[in-house]
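Alright, structures below, take your time with them.
In the two complexes below, subunit A is the common chain; its partner is subunit B in one and subunit C in the other.
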Partner chain A sequence: MTDAILAQLDRLVPNIPLQVVSQGAEALVLSTQTHPYAQKSGTFIIKYRPPKPYRHPKIDAQITRSRTAGEAKFMAKLRRAGIRAPNLVSVDPNGGLIWMESVGEILPNGAVSSLKNLLWYLEQGSEAAGLLVQSQLELACRHTGAVIAKLHMNDMVHGDLTTSNMLLQEGEAYLIDFGLSSYSALAEDKAVDLYVLERAVLSTHSVHAEKYNGWLLAGYKDEQCGAYASVGGKKKYSETLKKLEDVRLRGRKRSMLG
Partner chain B sequence: MAPIDLDKYVRPGKDHFLALGLEGSANKLGVGVIKHPLGELTPENRALILSNVRDTYITPPGEGFLPRDTARHHRNWVVRIIKRALADAGVAGADLDCICFTQGPGMGAPLQSVVIAARTLAQLWELPLVGVNHCVGHIEMGREITGAENPIVLYVSGGNTQVIAYSNQRYRIFGETLDIAIGNCLDRFARTLKIPNEPAPGYNIEQMAKRGKHLVQLPYTVKGMDLSMSGILGYIDGVAKEMFGPQQKKLVDKETGEEITPEDLCFSLQETLFSMLVEITERAMAHVESNQVLIVGGVGSNERLQEMMALMVKDRKNGSVYSTDERFCIDNGIMIAHAGLLAYRSGQTNALEDTVCTQRFRTDEVFVEWRD
Partner chain C sequence: MGVQMSTFPQYPDVHVLLAYFPDVAKTKLASVKENLVSRNPEYDFCFLSTANLVSLQQLQNGVYTAVRNQKQEQMKASTIYTEIMLSLSPVNNINEALKRFGVDETRNDIIVLKVVQAEQLQESEKEFSAKLESILDSKPGALTDDVLYNGFDATKFKKLFKLLGVESQEELTQGAIEGALFRGL
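Showing the complex of A and B:
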């Protein structure tokens, strides 16, 4: 199937060498060395939403356009707010294309430096290196928590926080994939965001989940109650945490009627 | 986990199990008799459907079915339908192993009236009772009929809209509606347009949609793995009221200049709602890396939905869609008998005091002991 999608993509951006990074239900992520309009070198990421054959062409065009434009706008706003995320290079809403700068590094074991891979990588070496690795793990989690705190302080919600949607570069955490992101000032929505992350950590890093979640939340708290203390960060933090307790108890949203 | 012994409870001297299933969670009253051979069910060792009788309570156009009237319909018909199901199957009450009934989810009053019939029969014939989750009944029947092994299940009916995957002894809900169910959305729009409820409002919308040509843009409300439909219904109801209410406003298609018809509205509603369903199903498939989809529930008999699902699955490696026809898609007694018998064979029965029905009974509350 990927071949057919790549053929469609080739019509939009002809003659560019592309490498598939990952494929989700909605979009294909590729990497390339070519900049769309400037003579710049470096690695760029293309996120492509292909047309879906099952949808009516009008519905399909509308969804592709609004989602692509929405995601690009969200990324631009992140940059203005100073939240670490990939820089937007160009966007083609009708074609469903977003170009962005690549973030992240390659770990010594060859994997991309997502928080997930980093944790897995460090866990493996932790027996030999001991304390040093412990602090590295803690730092990575705390940095990530701080970025999420910043996001929430700007009334933005990621919508799909998992450890594979966070990349580390030079010790700093970056957020990626804003396909499900939205704007919300409600403590409820932020709490759900944190809950989704908590569950994701639990399912991908079950052995040390408690420790990691503790560090992530600690980083979140330090940022909101530290850097944002003067703009009501403490109050927002306690509101969100209180809601998080509720969300944890409630789990899923709805009890079903026949 | 070692597979459990499914033949532990077989009656001495018999080489099969027989169960009677009673379903009445909504406006259909269904009774069925199913026969399981000994051993695990496989494509070579299948369950045998001995009878499957159904009677639907149909209301006039523009009206829905109310719990009290539906319960009265079920009470009036339950004895006749059970007699017919037993006669069709050629089975006497004494031959059965258990009586299975829908314990929920559903409308309270209709559930109550059917469970009373089940309790009465169980005491008359001295048989154990097995309470069945309606959703699990749909899933198990779909699996048995189609032979799908471990599919992502899209359960779409008048009261439910869920994307389900099996893991670790439970049917887990990945995505679901945040407000009304898809069948409810279609039925209520049918009422707005005064489309007949015979044989089913959704079926009539499907037939009208086949003649629709122009797409009216509607809201599209997928939220991650979940979806919301009440806003879409409100929007299209508003459009229909403008067109057919006192205003008699004429809407035209922007591209062709042709007038928008009720058929176009049905077409647009289906296209929008089904796109949303297929999208969340695809997301769940990508998430659990499955390539099979099983569509169950009344709306699952819609051919356009099946077609769209097939188009989506074609783009996935070795993908396949499984669906059943109206005999098994729409609520029926046989699915309750089947799922109930599976539970009975793994040792789950309900004591008389535990047969209280519940309107709220989530799919993931059931411990699925019979699968590994």
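Showing the complex of A and C:
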């Protein structure tokens, strides 16, 4: 399965050494040190949507093209809005390929600095290091909350806010993976975004979930009610939070019904 | 001296020759344009205006996209040189791309590119500079980021790429690259 995909990829990007980073249901993510056209050093990420044999080839080509273009455009919109996300390097819409700059760092334990890994890593040291680590944990959550606040103030919704889809770099939070992202001004959609994150934190960090979710929301609130106060941030914040209550309630009912 | 050469890691067999002529008579540029319009085979080069080019990276992105499209047999234009101009343009119209990125005889500089196969490189390189110096009656100079940033037409550029209010070379470059990548999408 993967060998066939790698062979297709080698036809699209020949002569480029690639390392597989992750294989999702829809896309394969790879990393490389090679920039396709500029003399730039660094690490670059290729997100590749291979053809899906279970779809009609013509429809498959259309879907791949529109999802690839959609995700790349969303990244560009984020950059223009000043929201931290990877810079776009190249797009091959027909090939299903997005070439972007890499964000994030490698933690001392060898893991990438996703919010998930960072919290895990910091938790391990928290017994010994105490308060210092507590404040690092809090800052990571607050910065992540703030970047989501910015996203929502621009009427953009991520659609898949898991703790792996935010990477910390030099203390700042970057969003990645816009395969399910969309544009919406509805408080409901933003509330669902926040709810998905809350559930994700609960599943990856159940012991401290309440604390982390509190910090995430505090970062979200401070940004919308602070930096965005003059452009209606407070009102949007309270609308979204009210919807979040509803969404949580619905979630609870659904889980009670099994 | 004068000819800059580059390749792309994906396509080592393709070489791009580039010469920049900073000081060309307007009459020479007008005559180049006429020869291109009448499809004179002696003018088989890509002549680019610097008006809407802010950095080398922006130019490299356009050339790369065109070469990739050619390799994948996905070109929209009939020649690689028109494909380069289209790949620089945010507007999905060949005439518009030629107008924005092709010869502009109101300016006094010009970039010339030739895309060649590795095996023709030796022969092409010599011929390339000799022929252009005679066509343009001018001497080439170095094309750098500073040359482009100091010389581009900021008003036209920002209007074309919808980048009003953007100032730094880095952000103008990223914006122009995105605009070109999203053409027709």
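Just so it is clear, the second predicted complex is superposed on the first by the 251 of 258 C-alpha atoms of A that agree within 3 Å, B and C clash if a C-alpha of one lies under 4 Å from a C-alpha of the other, contacts with A are read in each partner's own complex, and residues count from 1 in each chain.
Just so we're on the same page, a residue touches a chain if its C-beta (ideal position, glycine included) is under 8 Å from a C-beta of that chain, and two chains touch if they have at least 3 such contacts.
Here the structure is a predicted model, which is why all the values come from computation and not from measurement.
In the superposition on chain A, no contact is made by A:K211 with either subunit B or subunit C.
By the document's definition of touching, neither partner reaches A:R199: not subunit B, not subunit C. By the touch criterion defined above, A:T34 lies against subunit C but remains apart from subunit B after alignment on the C-alpha atoms of chain A.
With both structures placed on the common chain, the touch criterion links A:K234 to neither subunit B nor subunit C.
Of the two partner chains placed around the shared chain by superposition, subunit C is the only one that A:A72 touches, whereas subunit B remains out of contact.
In the superposition on chain A, contact is made by A:G159 with subunit B only, not with subunit C. In the superposition on chain A, A:V13 makes contact with subunit C only, while subunit B stays out of contact range.
Interface of subunit A with subunit B (complex): residues 1, 4, 24-26, 52-56, 58-59, 62-63, 159-160, 180, 252-258.
Within the complex formed with subunit C, the residues of subunit A that make contact are 12-16, 34-38, 40, 69, 72-73, 76, 79-80, 87-88, 90-95.
Residues 8-12, 56-57, 60-61, 63-65, 68, 72, 74, 174-175, 177-178, 181-182, 185 of subunit C touch subunit A in their complex. On the side of subunit B, the complex with subunit A involves touching residues 25-26, 104-107, 111, 134-135, 159-160, 162, 173, 176, 178, 215, 217, 220, 224, 226, 271-272, 275, 278-279, 282-283, 285-287, 308-309, 311-312, 314-317, 359-363.
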